[in-house]
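Paired with chain B in one complex and with chain C in the other, chain A is shared by the two complexes that follow.
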Partner chain A sequence: MRSFYAAMLLGLGVSVVASTAMMPQAAFSQDAIKIGVMFPLTGPLAGQGRPERDAIKLAFDEENNVIAGRKVELLFEDSAGRPDTGLTKIKALVERDKVHLLLSELVSSIGAAVAPYVHEQKMPWISTVALASLTRGQKSPYIFRFVPSSYQYTMAAAEAAKKMGWKKVYLIGWNAPPGHEALEGLKKVFGAENIVDAMFPNVGTSDYAPYVTKMDPSKADGVFAAMWGADSSRIVQQYVEYGLSKKMPFFGIASFTSEEILGAMPPQAEGVFSAYTYCGSLDTPENKKFVQAYQSKFNALPGSYQYMGYMAAKMVIQALKDINGKAEDKEAFINALAKVQVNGPMGMASFDANRGMIGDFYTLKVEKGADGKLFNRCGDRQAQVKDPYDAFP
Partner chain B sequence: MITGSSYSRWIFMALIAGVILLLVLPKILAPYYLGLAVKMMIFALFAMSLDLLIGFTGMASLGHAAYFGLSAYATGLLALKLGWNVWLALPAGLIMSGLAAVLFGLLALRTRGSYFLMITLALSQLMWGIAFGWRSLTGGDDGLPNVPRPDLGIGLSMADGVNFYYFVLLIAAIAAVLMVRIVASPFGYALRGIRESETRMLALGYNVWLYKFSIFVMAALFAGLAGVLYVYYNRFVSPDYIHVARSAEVLLMVILGGAGTLIGPAFGAAIIVLFENLISAYTERWVMLMGFIYLIVALFAPNGIAGLIRDYRDKRASS
Partner chain C sequence: MNFWVLQTLNGISFGMLLFLLASGLSLIYGLMKILNLAHGSFYLLGGYAGLVVVQKTGSFVLAVFVATLAIVVIGVLMERFLLRRLHLQEMPQTLLTFGFLFIFSDLAMLIWGSNPETVPKPEMFSQSVQIAGFIYPSYRLFIIGFGLVVALLLWWIQDGTRIGAMIRAGVDNEEIARSLGINVSLLFTLVFALGAFLAALGGVMGGPIMGVFPGADFEVLLLGFVVVIIGGLGSLKGALIGGLIVGLLDNFGKVFFPEFALFTIFAPMALILAVRPTGLFGRE
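Here is the complex of A and B:
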């Protein structure tokens, strides 16, 4: 017994080493294609991360998890929405689990942290991170971005509103990179002098009254909002309460009215516009099939996050088919993926020369359906919108 | 009956075994696990620095990540934008943490107990706000990627995982020895005295404020050192480094391991890092599992793992 203290210390040390040394994630068959799937599954962004992961699962289930005769294994990790945790988990997938490619992540700070490592490791990474730098300063032949960049979706929203006759605008955006980048995008389209005011409340602001009361319908044609998740339903709620929705149209940027948020919007949100690469009610056979498959499996309507995950997976599946399932040949895979074109729920999608997403944008308008629930009506289409590299090099 | 000397002999042997284990670790572990071991050492250093405050002086800080993050930003920015090598960037990071601690110490040490906790929390969130908001300098929420690995200028590539492991091991070991020396010194005993009864120490003629101020700055310097190592390890820095969630995380490491023991928080840090990275591969409910562990520790081992072992030893010794 006298050795108890020392034995405990030693035991602790040895068990720490032993447990780290021994465990691969699970035993896999030699010839499976291994794909690392990391999303925020816990923390404030789990509400977006989990459904997107589910949609990726759905895409591979549709192939019965076999591509070109090879079994596909998806390895899941949780980034918890934190960049250092995310980077460590990506290292685990690459170095410990020896995945062939990564189909991961939507949080931009994690994207920025992971990009240099992925590039050095020459590891193909298909991300759904809207970070513009992934196809600019941090671009790499191994990094693909299947989601519009912040400039891309802001320009598309601004163009759509301009077509509706808007000339002078307000912006209310997160005091975070996407909010500030939205301002730069609006300036390019409307001109800096036509931005009546740009306000940047913090992420998670609970009361928008001080901002909403500053908006004067006689001075502008409309309001843009660059904020998402619970904040988007809160701002709409207060915009409606202050009676502004009847005087000045409201335009959400990107996935502002995504299906999972729409349920939390007040009934008066009817009439809110947005423009994005996903419109849940689009009447194409591909979209109907996608919505039906997702709904029957997960008992919820898919929104834009699910679409991005599903389509990113479809692009990967097509590229793997094109190289006959030889995922080990990373150069062949990235070359194939760069050329892939997939006709998905929203029409054709592909990658540009910098490996950013090209796809159709729709102008969405929130309306009340026959069942009394809000839905996105699909309006004008902007065909094959590319990341605006000329405007934002 | 157990004598003190036989205990110190066992502890000495365990220490030797631990050192040997740490030295040969790169031969045993695959690269990924070696990287995880580096992360464990960095957080062990961070947790030990907080233990100086909580365990030895009785000052519960909920803003310790401020010093961790500030030095990380200073070193990251200097290495990235001005190309400073580690010999300049590392001391610069430490100076940054030290200066912040001097400033914040003057403010925070006017309070004690839960007020001290709140003011350290507020000050660290202020730093977080600056890191998050000052986009032109800090990159805002996206942080600063592409920080280079340290260049020692002696032809050893730190891109190599094994070399970097030894680099971190050496620095962490020096820092750990320094901390052990601090708490074993008369100064360290005075700190314990302050923890037990400030008024009595005042009555004995100790300048209590100066003792608290000194250890506050020292703890910040060690936390800053951990921050510098972490920015070199991850090769990026983001506001997340300073966030209150990180301060809380390191506080949990200290409590889990056992405050006031130094070695306890080091193991607490290792266990939490391990959990975060191994369990999460199996279940997304790993946060809940962590919660259960905290609950069990709080109920059955309120003095942490080290306290549990100590109690067991004392019981054996007295029976």
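Here is the complex of A and C:
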């Protein structure tokens, strides 16, 4: 009997010692802060996804991958640009890898698929998905959108063009949410009766000639285009070929002339306008430092996707510093992130009440540089533009 | 009036590009019964190879030669060493070419990155011309003429030469052709090489209009199949007429029913399949 009590006592003692020994580790855990980073790394959108991922890496490298004395571990996944794959990979990051937060994605359809899941899991997610619904219908305290929404950038572009004297306009946009939302944004600024025609070709249309040749320069002051990647270089090419660029100015919406696309545009793309939160040639010390750091590391000029990734990471880093690196406390983290303000390459950036990005917009114009290459010249600035969620019921 | 001329020219020039793509697909199937899914890769790699040569030398003509030659070599190697082992096994052959489609797609992304590229146009056709009051890109007119020349050449090879006669014999009855002393094995390689050549040619010629970018291989393959299904597998005439039909349907579809852009291609395809399952010029 005595031996039984002795054994019990010993067991109890061992377990108490063991648990107290474990306790400090749980409380002041020196495990790494795990951040899930998923982007399209293969497929047609890899041209945007890979550089954005690189820019996120750059931001954390600048901190030597240590925040508030805690190591940071980035876990990379490839969404391939597809909603089903994207959701599966996000679930793997959350449930298998137990990440503390997600810094992921730029594809709208993936954003829409992932939003309900991260809300249910209470998983902080900083996205660069331009989907307005993430901060409206699907909004959640855990979802942050660090990229202008489709309405936000369309209306900024429309305001810039209106200032240049445009009254009647054409729209050619993807037959996808960003294209149709661009039409809503244009209607708000110009009035529905001043949209001469709105055309919605499918994503990846091989030949834009039929659309381009339908546009009549005598009927409108200019053309807006809401399409990106390979399609934006293709439509400019064909717009120029049919001699329209000489008769009617062309305005690309959002990242239409982002640096990585400019290389594929024809020399005659000179004169194409756009308006966005990143202008590569902006002459500020912060931007010069960013361009130089990215270029020396990845041997390419950063464009708007890199800027979004870099700045979204900067916002996260600042919020993590504010809570002393305690990434486990998700409520504290999202409250800190909602209040973060970072002065980056393009000036101040922050989140609005719905957790959408607020930042400065610049009107860009494609020009030929001294080296004969096309670049974006920075024009008028629209200060601290936010998602116009009040303008839509 | 101008509007109709303009849109018809657009449709025909796009149709000619589709013909270049579909004729190779069709020829290879006609003789060898191989559904070559790597055809899209030949287009993509041809476009990229052409791009490299134009950027290095500035010569579009040289780009056409080098790119098509490079792709022909790849095609011949594929046929000689891999497809040959699976002769007349349709499923394994199709899967093999499907695998190649993915491998080439990733290889291209590894080598050329994932940003879209456009092959610069030959200097001579870089301008637009003014015809009867409207501006038209001269390169598109050139594509129309070039497509016609290729069509005539292929016709002549098929109907006017000894090789063509041998190919036709091989298509009709492989065993009897063999027993008559025709080297069908060599013929297979030749036709596969010709198919690869045409796809690569489409890549270089189409590069200035459609561009080369990750995913172009799949896009082009899909359009190529629609053309071949409408025109009939194994028929050159079918590839030409099918290409023109799809080019025009696509163009006028986009003009009049922009919301149903793909519908105007696939609905006629479904209709033709229902009425003539072998396509317009396909044989039973």
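As a working rule, the second predicted complex is superposed on the first by the 362 of 393 C-alpha atoms of A that agree within 3 Å, B and C clash if a C-alpha of one lies under 4 Å from a C-alpha of the other, contacts with A are read in each partner's own complex, and residues count from 1 in each chain.
As a working rule, a contact is a pair of C-beta atoms (placed from the backbone, for glycine too) under 8 Å apart; a residue touches a chain by one contact, two chains touch by 3 or more.
In this text the structure is predicted, and so the values were computed from the model without any measurement.
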Broader residue contact with chain A after superposition on the shared chain, chain B or chain C: B
Contacts of A:Glu77 with chain B and chain C, given as first, second, both or neither: first
Contacts of A:Gly204 with chain B and chain C, given as first, second, both or neither: second
Partner chain in contact with A:Asn175 - chain B first, chain C second, else both or neither: both
Partner chain(s) touched by A:Thr42 [first = chain B, second = chain C, both, neither]: both
Chain B versus chain C as contact partner of A:Gln237, first or second or both or neither: second
Partner chain in contact with A:Thr213 - chain B first, chain C second, else both or neither: second
Chain B versus chain C as contact partner of A:Glu260, first or second or both or neither: second
Which of chain B and chain C A:Gly229 touches, first, second, both or neither: second
Where chain A meets both chain C and chain B, residue numbers: 42, 50, 175
Touch list for chain A against partner chain C, complex: 42-44, 46-47, 50, 175, 199-202, 204-207, 209-211, 213-214, 229-230, 233-234, 237-238, 241-243, 260-261, 263-266
Of chain A, residues touching chain B in the complex: 1-6, 8-10, 12-14, 16-17, 19-21, 23, 25, 41-42, 50, 75-78, 80, 82-85, 87-89, 91-92, 94-96, 108-109, 111-113, 115-117, 131, 133, 138, 175-177, 180
Residue ranges of chain B touching chain A (in the complex, touch as defined): 2, 6-7, 10-11, 13-14, 17-18, 21, 25, 28-33, 35-37, 39-40, 132-133, 135, 139-143, 145-146, 230, 234-236, 238, 240-241, 245, 263, 267, 270-271, 274, 276-278, 280-282, 284, 286-287, 305, 309, 312-313, 316
Parts of chain C lying in touch with chain A, wherever the complex brings them together: 3, 6-7, 10-11, 13-14, 106, 109, 113-118, 128, 135-137, 139-140, 209-211, 213-216, 219-220, 223, 250-252, 254-255, 258-259, 261-262
